[in-house]
Every structure is written in C-alpha cells, then in structure tokens.
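The structures come next, written out as structure tokens.
Each of the next two complexes has chain A plus one other chain: chain B in the first, chain C in the second.
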Partner chain A sequence: MKEFDLIIIGSGPGGYIAAQRAGQLGKEVLLIEKGELGGVCTNEGCIPTKSLLNSAKLYKNALESESKGLSVKEASYNLPQAMEAKNETINTLRSGIEFLMRSAKVTVVKGFATCVDSHTVQVDEQLYKAPYIILATGSSPILPPIEGIELDHVLTSSEILSLETLPETLTIIGGGVIGLEFASYFSTVGVNVTLIEMEKEIAPMMDHEIAPLLRRTMKKVNFHLGSTVTKIDQKQVYFTNAKKEESTIASEMVLVSVGRKANTAGLEQLSLTQDGAFIHVNEHLQTSIPHIYAIGDINGKSLLAHSASRMADVVISNLFGKVKQQMRYEAIPWAIYTLSEASGCGLTENQALALGRSVKTASIQMRSNGRFLAELGKREVGLCKVVVDEHTGALLGVHLIGPYSSEIIFGAATMIEAELRVEDIKEIVFPHPSVSEVIKDALFALDPHL
Partner chain B sequence: MATEVLMPKQGNTVESCTIIEWKVAVGDMISIGTIVCEAETDKSTIEVESTAEGSVLALLYQEGDDVPVMTPILAVGEKGESYTPPKKEGELEQPQATERQNDSSTDKNSNLVTHTQSPTAEVGASPRAKVAAKQLDINLSLLRGSGAKGLIVEKDVLAHSQSAPILTPVAKEKAQSGNYTIPQTGSGMGQRVLSGDLTLKQEQKESTTTSVTGIRKVIAQRMFESLSTTAQFTLNSFADARMLLSLRKRFKESDEHLNLRTITINDLILYVVSRSLKDFPALNAHYYGETIERFSSVHLGSAVDTPKGLLVPVIKSSESKSLKQISEEFKDLANQAIEGKSLPDDLTGSTFTVTNLGSLGIESFTPVLNIPEVAILGVGAIAPKAVQVENEIEFIPHIALSLTINHQAVDGAPAARFLQHLSHMIAQVDLLLAI
Partner chain C sequence: MKEFDLIIIGSGPGGYIAAQRAGQLGKEVLLIEKGELGGVCTNEGCIPTKSLLNSAKLYKNALESESKGLSVKEASYNLPQAMEAKNETINTLRSGIEFLMRSAKVTVVKGFATCVDSHTVQVDEQLYKAPYIILATGSSPILPPIEGIELDHVLTSSEILSLETLPETLTIIGGGVIGLEFASYFSTVGVNVTLIEMEKEIAPMMDHEIAPLLRRTMKKVNFHLGSTVTKIDQKQVYFTNAKKEESTIASEMVLVSVGRKANTAGLEQLSLTQDGAFIHVNEHLQTSIPHIYAIGDINGKSLLAHSASRMADVVISNLFGKVKQQMRYEAIPWAIYTLSEASGCGLTENQALALGRSVKTASIQMRSNGRFLAELGKREVGLCKVVVDEHTGALLGVHLIGPYSSEIIFGAATMIEAELRVEDIKEIVFPHPSVSEVIKDALFALDPHL
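Entry: the complex of A and B
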C-alpha cells in the first residue's frame, strides 16, 4: 500500500493539469494512465487533427494562391509525411507532459486503474490510497447499433489518425465538431467526402446563421442532413434521406463520429450517481462521494479539453488552494478548425430566446474587415454575430466564422466572463488590422451610440 | 548613566504589547511624559510615555515587535553617551539599536507579508489583529499587512472584512436600484460578484401597531361570533345579466328629470331581493338558538365600505318601496355611513343582507352571515358565460351570486330554491318592475 495526498486517474488535459497544479503546491500526487500521457487530446484528438488540418491548409493554399501571386507547380499531398509530422508533434507534447510531471514531482504509474473502495485504487497488484481521488478518465466514441458497424473499414476518430493511404471515398456519419474537421481535412486533400447528419443542421452548438455558412465553405463535401444511416456494407453506406427515401453512397471508408460516452470501466465499485451515460457532479465537481471528483468528459458537462483543464483548476483550488471556486459554464469558448475556422462563446440567439432573455443581435460580414479582405478577398465567407441582453446591454454571445476565429474567441470569453456591457467593450482597443476588430464593429453596428 | 524606559504594564492580564510606531528617534531630546511610541495590546492601543529625560540613545525594538511588559524598550542618557543594550531572551546576537530611518517607505509601504523577528509572534500580526481575525473568521495568511515590515495590524483585518466586493459592470448597474443584497464574494472571476449573484432583498416593511377599537372592534366581535356560533353554508349560482345591463343603460340615458339616471345594478339587485323574499320567509328571519323569528317585512341591509370599516345601513320595509325609492334611500344611507353620520337606527334591524363586491371584479366569494340573520346574498362581477343556445354556444353576460345561509335555521334545498328564484327574477327584472 502506497499513500498519496491525491490520486488522479487519467492524464488528459483534465488529469495532467490537476496533477501539475497539485504537485506544484507541494502535494504528493499519483497520476495513473492506462495509455499514453496526454489523453485523447494529445494523442488522438485536438493536437493530431490540428497538425493534419494545417498540412491540408498548406496544400490548399499551394493549389489556390495563384490569384495572390503565388504559383506552385505540381503540388501534391504526401500522407505518410504529414502523418510523420503529426506523430512528431504528439511525441514532443507527450515528452513535454512527462517533463511537467517530473518537475512537479508527480508520480506517474502506467496501467489500468480500478477503484477498490472510495480511497483505494489498484493498478496491477499494487494498491494506492489517498484522501482524495480525481476521476479524469475521459470519453470514447459511441458506436451506434447500425448493421455493418463492426466492419474493418468502419473507423472512429481514434483509428483514422493512423491511416497509411487515403481512401477514394469516405462517408462520415455525424456532423459534430469531429465529423466536420475530418470532412474538411479529407475533402481538402482530395478524398470524395459525404457527411450524413441525423439533425436538420450540422454543429448543434453553432448559431443558426453560422452553421449554413460553414457548410457553404466546405464546397467539396456532399452533405446529407436529416438523414439516418441504416446499414453499412463493404462497398456502400445505406441511408434514409430527409425526404424519407432510401439512398446509398459508395464508400471505401466510413468514419463514425456520432458522439462520445464516459469511460467508467474500473469505477464500478464506487456506484457513483450518474446523469445518463455520464458521472453526476455538483458545481464543485464533486461526485456523489464528496471526496471523489470527476473532471473533463467523464462528467458530460462540457466535452472540451479546455473545460477539463479549467475543471482541474477548480478542484485543485478547492482542495489545496486559497479560494473556493465553482465551475462556470457560461463563457466556455468552442472552436472548430475546419479550413474556414469557426468559434463561439456564450449564448446563441436561439439559446438566449429559449431562456426567455430579450436580446438584440447584430451580424457583420468579415469582408468589411481590412485584414480579412487583404488576405482572403471579398468572396470568402466570414461573419461575426453578437448577442446582447436587451435590458442590461451585457454581451451574451459571440459567434464567428472566418480566419483566426479560434484565436479571437478568448477575448469574447473574457468579456462574457466579466459581464461587460456593450458600452464597456467599446472602450477596449483592438489591434488594427486584425480580424478581431469584427467584434467591436459588430457591437457598434448593434448600437452606434457613444 | 543611561536610563531604560520600560514597556508599561497594562492591567493584570496583558503579557506583551506590539510596538506600532516609534514617535521618537535616536538623538531626539525627550522629557518625562514624552510619547515615545504607540503600542497595541489585544484590547486597546496605548501611548507609551517616557519615564526619563535626556537624549534617546537607542530604540531596543523595531516597529512590529511584540514586547513583553516591563521590558526595556528604549534608552535615554546624555547626548553622545554610549549604551550597550542587554541581551534579549532567546537571541544569540545583540540586536542593533534601531535608528529611525529617514526614508521609512521601504518598511511602511511594503505589501509583502513578512514575518517579524519578534520572539513571541508566530504570524506577522499584532495581538489585536489576531483577536479581530478570530472574531471575523478571517484567515490572516490571506492578508497583506500595512504595518512595519508587513505586520498585519487591526485596521488591515477590519479593512479586509469591510472591503467592498468587486462587481461586474452588469452587477453594478443592477445593484444600483438598491433592491439587491450584494454578497461579499461572488461566483465570477476572482470572486467577482456577477449579476446572478445578487439576490432580491426581502422587502422590509415597517410595521405599525394600532389598538382594536370602535367599529373595528365591533366588526371583529361580530364576525368571530358569526363564524363561531353558526353553521354557515354557501351556494353559488349565476343569473343572466343582460336585462340588468340593458335597464342600467336605459336608466343612464333616460330623461334627466325622471331622476332615474343614478340607478345602479346593485339597486336593481336590492329591488329583486326585496320582492323575492316574501315567497321565502324562512330566509327573511333571525335565528336565536331556541327560537327562529320570521319577518313579514324585508328590512334590507346592504354592506358599505367606509373609511372606518364595513357598515350595513338598512332600508326599512324595502318590499313596499319602488326601485327609485330604494335607489335613492340606499344612496343617502351609504353617503351618511361613509361620512360617519349614520343614525344608530339606520344601522340596525336588518332581516336580510346583500353584499356586493362585483364592482371590484370579484368572481365569487363566501359572504359571512350578519347574525342573527339566517341568510346573506353575495353579488359578484358580471362576466360572459358560455351558454348553449340551440346548437350554438353564445357568450351571455352573467352576474355571480353566492348565498350563505345558517344551516341551523335553513336547509340547503329551500336555500337553493330561493337562489334559483332570484336568478329567474334577475333575468326578467323588467317584468318584475311591473308587479
């Protein structure tokens, strides 16, 4: 039996951040990881997809930049090389996390963790004990019960990242962030991509003005909305389209990205209260056993890497820090790194209306923005939409599609988190020329008064 | 020969004092009674007076040091005289005689928490600060001291406890109405108070107390007696109000010298009741427990809301009075009641009472018996009611009627029959006027 101040199960952006923070506060921390350090984010999620999407962006620019004065003869895309660059990125980040753990004096144990009781965790034959446990085991792709789902050419986001050759045709089931990013990547590097989504629109978190624009930027992707996949065989995907007609599409490869479920294996002994397929937590991220916390995807509150990291900070602050905090979800930005990026933070217009808030909105085209115009020209899609509380003037939501959206959105998060009003934000100076100026322009479009 | 000035004894329980501020510096000429320093016990702040005169040779402690009472704190002697301070308990080296620094800003304005070298203080806080922190439940390690070398003094603790919470712009604007309670810390960034953290103040109503006298006392007694001594039972019904409304309209538009313009719906109801009760003598009665007294005349009470409270003036022998007479008499009686000029006889002797809350939009209510009467009619508002006429639904205005009876004296069925009769009569009040 080895004793620690804190045991953390899972080393993704929730677990390793928690370990680092607690270690830096001088606590004896045990971090248990069944696979590689870094979790889905580093190894088969956020990071590798960014590496591949950037290679696709370079390829696209090489092909399409003639009007900007650039001529690249015989540009071609080399998948093995792109994969190598991606793997190098992953390895560097993994060693970075290893280094962080060492410098924070965190003990890392590789293996599958089983909770024996509410204070004891077992890995192989060894027992570990701590007054507190953080569950940060993450989530895995859901495989819906579709005939043929078990076939070898049907992949999830985990497997598709180790592809050796590009297929001719790819059908993606599910139009959420993961499905859309892969659709963007594969269609850009020359794969014939079809995306089948059950709902009437892609990307449920997106504002209703932005989602159709994003589809428009993905010209090479064949979208089937309101459609349900009924069967997969070696050659085709069968689906019922929005008009209730049976249809098929030839697919050499299929990617399933319909959602994710909590990884709860090894936690059975704890009999924790669940919210559907996820572990229930309160505003302090405590499970039904108060000294056991659940952060990141496992609690289902916000399946984003940065949410997991913030949850880690909240828990460590409450356990060992000076300030008692609660997890806030109102200003968590999201970003999608399709080749026209999109991002958002706060409420969409429809979400605000559903909450009974009276709102004012303004949308402005990015072609009015200097940098956007200089780099992309007037035909490219770009939009900024702001949602403002009609009574208080507080900024409730910012929604972007266009270049750098993922980098700009943190500013909106700051404004929303601080409950700034339109009149307050008008006093902030934005750098010029930068695409970020669209936020200020949209707010002045909403209310031109000073 | 140097003389030492001691930290004075402060009562029997104070063991040590913290030097807050030196008022003199080495080289200053002082006399007996000169304030040499300000010090703090756990209960008060004191000024330490010199017990000797001469030139200050040495300050034996620094600001912020906790000094046991009856310990030398400074030495006084001839100008230029040398002085060797005694070795302090627990210290290996002799402390340096502290010269008051010309620029004391490095110490005084330091925001860093630095633990003092005081042998007795564990945390860099003065005794009073510690007491205050304990009382206010404040963690001293979170504070920045403003005293010498970052010593936390009482005013730091108080300032921390009173420090205004940081509000977001939206929260600030919302709070300006004064209707919200602002928490000390909020759920936002850095414990900022978000608009959602503000809670509506419980409305603080100022209460006043008055004695129950006069009409209020009479009403209180009679209402209580009514409900506690009788078996009250209420029946609800409606009457077609179209004729009431059309008559009221015609009266209003009638020739001025007919003097009919002021006849109200309530007057029409009083008229119908005065004419209906003769067929239902059981309801025009008084109940006395042992006996029941029935009346041939209808002395009709009608409730009036006056500034002093509920009064019930009585229209005597209403069954023999015309609609116009009833209307005029009731108007007079009501005005007198409102002005407080009613004669005692005007307010007694009723055999049946009507109370009307229809003008206040009341749909239906439970009238309380005006004992010893055995029945009271409550009149509600006129509102459209869906009625099936042949194969269609029509919305016909109806007036609500609630009859409370004393079940000790009257049974439900005869009461229901009376209410039904009343309803018919109201619907055809134009015909009744001819009788």
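Entry: the complex of A and C
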C-alpha cells in the first residue's frame, strides 16, 4: 500500500492540470493513466485535429489566393507528411506534460485504475490510498445501434486520425463540433463529404444566426439535416431524409460522431450517483461520495478541454488553496476550428429568451471590418452577434464566425466574467485594424450613444 | 456662411468616427477632407500595409509548408495582383466610410480647410461656422536633412505603396513600426532589405525581451543598429555604423520612416500652443482655444489609428453625450503586423521600473502552447511576457510575439482597463487550444498558487 495526499485517475486536461497545481502546492500526488499522457485532447482530439486543420488551411490558401497575389503552378496535399507533423506535435506535447509532472513532483503510474473502495485505487497488483480522489477519466465516442456500425470502414474520431490514405467519399454521422471539424478538414483536402445530422440544424451550441452561416462556408460538404441513418453496408449509408424519404449515399468511409459517453470502467465499486450516462457532481464537483471529485467529460457538465482544466483549478483550490470556489458555466467559451472558424461565449439569443431574460441583440457583418476586408475580401462570410441584458446593459453573449474567432473569444469571456456593461466596453480601446474590433462595433450598432 | 453644430477637419479614424458619433446623436456635422475619405490609415497606412503583408504571408506559407503536408511545385509573387487587391480593399473601405457619413447625415466637403478664426473655417470661397471645431488633420512622414533625400528613388511610406515592380535592394531608414512592417513585407517577397536604425534597438515601444526576438524572426533583413545615415546617392546609402565606421550599402530604392510630424497647414491663424511639432491638448483633448479640439496624430500623444478613434469618442461624449470623459493612455494596445506579429498593452517592465513601480514579471515561450505547436512547430519564435504590480497583483502589461498577437491584445487591454488582478484572470476560462492561453499560463508561471 502506497499513500498519497491525492490520487487522480486520468491525465487529460482535467487530470494533468489538477496534478500540476496540487504538486506545485507541495502535495504528494499520484496520477494514473492507462494510455498516453494528455488524454483525448492531446492524443486524439483538440490537438491532432488542429494540426490537420491547419495543414488543410495552408493547402486551401495555396489553391485559392491568386487574386491576392499568390501564383502557384501546382499544389497537392501530402497526407503522410501532414500525419507526421501531427504526430510530432502530439509527441512534443506529451513530453511537455511529462516535464510538467516531473517539475511538480507528481508520481505518474501507467495502468488501468480500479477503485477498490472510496480511498483505495488498484493498478495491476499495487494498491494506492489517499484522503481524496479525482476522477478525470474522460469520455469515449458513442456508437449508436445502427446496422453495420461494426464494419471496418466505420470509424470514430479516434481512429480516423491515423488514416494512411484519403477516401474518395466520406459520410459523417453527426453535425456537432467533432463532425463539423472533420467535415471541414476532409472536404478541404479533396474528399467528397456528406454530413448527416438528426436535428434540423448543425452545432446545437451555436446561435441560430451563426449555424446556417457556418454551413454556407462549408460549400463542398453535402448536408442532410433532419435525417436519420438507418443502416450502413460496405458501399453505402442508408438514411431517412427530412421529407421522410429513404435515401442512400455512396460511402467509402463512415465517421460516427453522434456524442460521447463517460468512461466509468473501474469505478463500479463506488456506486456513484449518475446523471444519465455521466457521474453526478455538485457545484464543487464533488460526487455522491464527498471526498471523491469528478472533473472533465466524465461529469457531462461541459465536454470541453478547457472546462476540464477549470474544474481542476476549482477542485484543487477548494482542497488545498486559499480561496473556496464554485464551478461556474456562464463564461466558458467554445471554438470550432472549421475553415472558417466560429466561436461563442455566454448566452445565445434563444438561450436568453428561454431563461426569461429581456435582451437586446445586434449582429454586424465582418465585411465592414478593415482587417477582414484586407485579408479575405468583401465576399467572405463573417458575423459578430452580441446579446446584452436590456435592463442592466451587461454583456451576456458574444457569437462569432470568421477569421481569428477562436483567438478573440477569450476576450469576450473576460468581459462576461468581469460583468462588464456595454458602456464599459465602449471605453476599451481595440487595436486597429483587427477583427476583434467587431465586438466593439457590434455594441455601437446596438446603441450608438456614447 | 453656412452654420453647423460641429466642424471636423480631416476624415481619418479620428475625424470620421467623431463625425459619425456626433451625427448619430442628431448634430449637424461638417466633415472637411482635402484628399480621400479615411485618412492615412485607410489610404496609405494601416489598411494597405495589412493587405500587402497578408499577401506576403500567403506567399511565405506556400513556399515553407512542405513539412506540414503542402506540396507546391512553383510559387511566385505577383505584385500587380497584390496591389490590385490592396486597392480594392481601400476602395471598399472608402465607400464604407461614405456610407457611414450618409447614414449619420454628416455633410462632407472636399477641399483644403483654412481656419479663418476660432469659429470659422474656409474651403475654397465658402465660409463655415460652428461653436466647436475638431482638428483631425493627422501627420506626415518626416524627411530628415540627409544629402540626397530628395532623389526620386527615396520614398516615404505613402509613395512606396504604389510600386509597380519590386526593387532588388531596398534600404529602410528607421526601425519603428512602419519601417519594420515594410522590412517584413519586402524581405518576404524576395527583396534584399537592409534596415538602418539610429537607436541601439528597434521598436522603442516594445518590451526589451521582445524586440530582439522580433529581429530574430526577420531572418532575411540585414539590420544595422546604432547607425546613422549620412548621405544617399543613386546607387548607395552611406552610413556610420555602431562602431563609428563609415560604411555603404547598395540600394536600388530607399524608404524613409524616421518619424512623423503634425499636419498644421491652414491652422496658422489660430496660433495654437504647441508641444514641439504637435498641437498641445489637455486631458479632454482641448487645445489652447477650449472650444477647439485636436485628436489623433496631430496632438502627438499616441500616433495610432485606434487612439484617434478613442479620442473622437472622448470629445463627442464630452460635447454632446451623457458622460464626461478624460482621455487615458494606460490601456491602449499596439500591434505590429510583421511575420511574425507582435503586440503589447500597458507597461513594459522597464517603463514600470522607470515609474518607480514594484513589479513582478514572467515570460513564457509559446512552444509550450498547444495551438502554437500544432500550427508552427517547436522551432518558431513566440513569447508572452506579463508585468504585474507586486503589491496589488493588478495586471499592468502584456507583451506578445507570435501568431494572432494582434487579435489577442484587445483582451489584455480589457483586463488592464478593468483593473483585473492575477487572481481574477486565473478564474477566466480561455478556449483550448488557442494561443491566447499563453496569457493565463504566464500568470500561473508568475505565481502557481490558485
């Protein structure tokens, strides 16, 4: 039996951040990982998709920039080279996490963790004990019960990241962030992509003005909304379309991205209360056993890498820090790295209305923005929408589609978290020319008064 | 004699914003412009340089992305096409400003304005009168008294934007923002560039850790620091180098970018108090004649387009708005759109020390950042430096070099303007993976406690 101050199961952006913070505070920390350090985010999620999407963007720009002064005789996309660059990025980041764990004096054990009781975790034959346990085991893709789902050419987001050759045709089932990013990637590098989504619109977290614009930017993707896949065989995907008609689409490869479920294997002995398929937590991220915490995808509250990291901070602060914190979800930004990017933070107009809030909104086209025009021209899609509390003037939401959206949105998170009002933000100076200016311009469009 | 509520001279980002705001408040506004709407920023500054730098970036990426999966047989840079795209951008933005002026019911008069007395302005034979006048006439490049400065191949930033063919060799005199952006542009598209700077380092507004890094990213530019140009002839530039040795450099073309001076022609009758070559203003941007305001470059306080726009807001708010405002300079961001970009906001470490502030600083390499690694790899230059008040923990400065710096810095301006402390910012959620995360990571590097 080895004893620690804290045991963390899972080394994704929840687990490794929790381990680093606790280690830096001088605690004896055990971090258990069954695979590679970094979790889904580093190894088969955020990072590899960004590497591939960036390579696709470079390819797209090489093909489509003649009007801007770039003449290219022949450009081609080299998938093995792009995969090698992606793998190098993953390896560098894994080494970085290893380095952080060593620096913070975290003990890392590789292997599958089984919770023996509420203070004891077993890996192989060894038992480990701690007063606190953090479950950060993440999530896995859901495979819906569709005939043919088990076929070899039906892949999840994890497997499709190791392709050696591009298929001619790819059908993606599910139009959330993961499905859309892969649709953008594969359609840009020359694959014939069809995306089938059960709901009437893609990307449920997006404002209703932004989602159709995002579809419009993905000109090469064949979207079937309100459609349900009924069967997959070696050559085709069968689905019922929005008009209730049976239809098929030829598919050399199929990607399933309909949702994710919590990884709870090894936790059975704890008999934790669940919220559906996820582990129930309170606002301090405690499970039904108060000294056991669940952070990141496993609790189902916000399936985003940075939400997991923030949950890590909240838990470590409550356990070992000076300030007691609650997990808040009001100002968590999201970003989708499609070409073009989109992002958002805070309430959409419809979410605000559903909460009974009185809001004012303004939407402005990015083609009035100097940098957008200078880099993309007046025919490209770009929009910024702001949602403001009608009574207090507080900024409640910012929603973007257009270049740099993913790098701009933290500033909106800052404004919402700091509870700034429109009149406060109007006094902030934004650099010119930058796409970020659209936030200020949207607020002036909402109310031209100084 | 025609009468208005407000006369504005100059339609750059100071003048046209002032006109728009006042017009939207229902005031009768006259905007006088001797050239094209938009001023230096739109016509020969911020906007055209960003268009050209973007075309250079596309060219660079096409040449240098083989390791990321892009194979290009032959790429060339088409200057006439890039210039056409640049001109189209300028025309679109000019039309945009015209549209804004019409929407705000601003009267626009084209011609040279002469102030006849403190309430009366003459354009051609027509006199205009108003209780308030805003001077927003901007600035022009300084031509230092160097032998040969009048030669035809010696250009300013205004003229070099209309080149029809690229020179083989270009010498740039002056290593401020303008000189550096042109050095980055021309060296990227294949011109042999030498930059001669009188001071020991480029870019005086930059933190002392960032400036040498920026030089390092500009590998193709031949820098001569601490050097003084003594003479220019048809073939060469003569200069005294840092070791006091006489030297020459072959130069088919020369760009002079040593600084700018206020445009005061037509204002002579007002006999306004000056600060050196600029018009003196107080914190409300009033000149020595209180009902005459001077905003933007003409007052020399902060020669940035967005500073001019902010000054416009302050003046219009004070004249016609609900809230009385002062102009503050503590949280004005700057950005330089070199490849790679850099930006900053607030105090540098040395500025803070010169003010007698006790500060803590932390600098982190961007190669620990997931998106940076995924897009640029571990060998590229990137840094984030934060400056924090040792006693209060307030964020005083953020300094960046690396991709997206120009789009991230408004968020730092927001934090500084809102007087957020390190502990506040640690609770803000940044999207992962984004380069913007470096700000949070730098603050955790400064102080790992939660």
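Keep this in mind: the second predicted complex is superposed on the first by the 450 of 450 C-alpha atoms of A that agree within 3 Å, B and C clash if a C-alpha of one lies under 4 Å from a C-alpha of the other, contacts with A are read in each partner's own complex, and residues count from 1 in each chain.
FYI, a contact is a pair of C-beta atoms (placed from the backbone, for glycine too) under 8 Å apart; a residue touches a chain by one contact, two chains touch by 3 or more.
This one's a predicted model, so the numbers in the text were calculated from it and none came from an experiment.
*Asks:* Just from the overlay, do chain B and chain C fit on chain A, or is there a clash?
*Replies:* Result for chain B and chain C: fit.
*Asks:* In the superposed arrangement, which partner chain does A:R421 touch: chain B (first), chain C (second), both, or neither?
*Replies:* Only chain B; A:R421 stays clear of chain C.
*Asks:* Check whether A:N78 is in contact with chain B, with chain C, with both or with neither, and answer first, second, both or neither.
*Replies:* So A:N78 only meets chain C here.
*Asks:* After superposing on chain A, what angle in degrees do the C-alpha centres of chain B and chain C form at the C-alpha centre of chain A, to the nearest 10?
*Replies:* After fitting both complexes on chain A, the angle is 90 degrees.
*Asks:* Can A:L58 be said to touch chain B (first), chain C (second), both, or neither?
*Replies:* So A:L58 only meets chain C here.
*Asks:* Which of the two partners, first being chain B and second being chain C, lies in contact with A:E407: first, second, both, or neither?
*Replies:* second
*Asks:* Which of the two partners, first being chain B and second being chain C, lies in contact with A:I149: first, second, both, or neither?
*Replies:* Neither partner.
*Asks:* So, does A:V323 touch the first partner chain B, the second partner chain C, both, or neither?
*Replies:* A:V323 sits against chain B and chain C alike.
*Asks:* Check the residue A:A277 against both partner chains and state whether it touches chain B (first), chain C (second), both, or neither.
*Replies:* In the superposition, A:A277 contacts neither chain B nor chain C.
*Asks:* With both complexes superposed on chain A, which partner does A:L225 reach: first (chain B), second (chain C), both or neither?
*Replies:* neither
*Asks:* Looking at chain A, does chain B or chain C touch a larger number of its residues?
*Replies:* Looking at chain B versus chain C, the one contacting more residues of chain A is C.
*Asks:* Note down the smallest distance between any C-alpha of chain B and any C-alpha of chain C in the overlay, whole angstrom.
*Replies:* Nearest C-alpha pair, chain B versus chain C: 5 Å apart.
*Asks:* Across the two complexes, find the residues of chain A that touch chain B and also touch chain C.
*Replies:* In chain A, positions 322-323, 417-418, 420, 424 sit in both the chain B and chain C interfaces.
*Asks:* What does chain A use to touch chain B in their complex?
*Replies:* 322-323, 326, 328, 389, 392-394, 417-421, 424
*Asks:* Where on chain B is chain A touching in the complex?
*Replies:* 139, 142, 168-171, 173-174, 187-189, 191-192, 194-195
*Asks:* Can you list the chain C residues touching chain A in their complex?
*Replies:* Chain C reaches chain A through residues 13, 21, 24-25, 41-42, 46-48, 50-51, 54-55, 58-59, 61-62, 65-79, 81-83, 85-86, 88-89, 92-93, 96, 304-307, 309-310, 313, 316-317, 321-323, 325, 331-335, 343, 367-368, 370-371, 373-375, 377-378, 404, 406-411, 413-415, 417-418, 420, 423-437, 439, 448-450.
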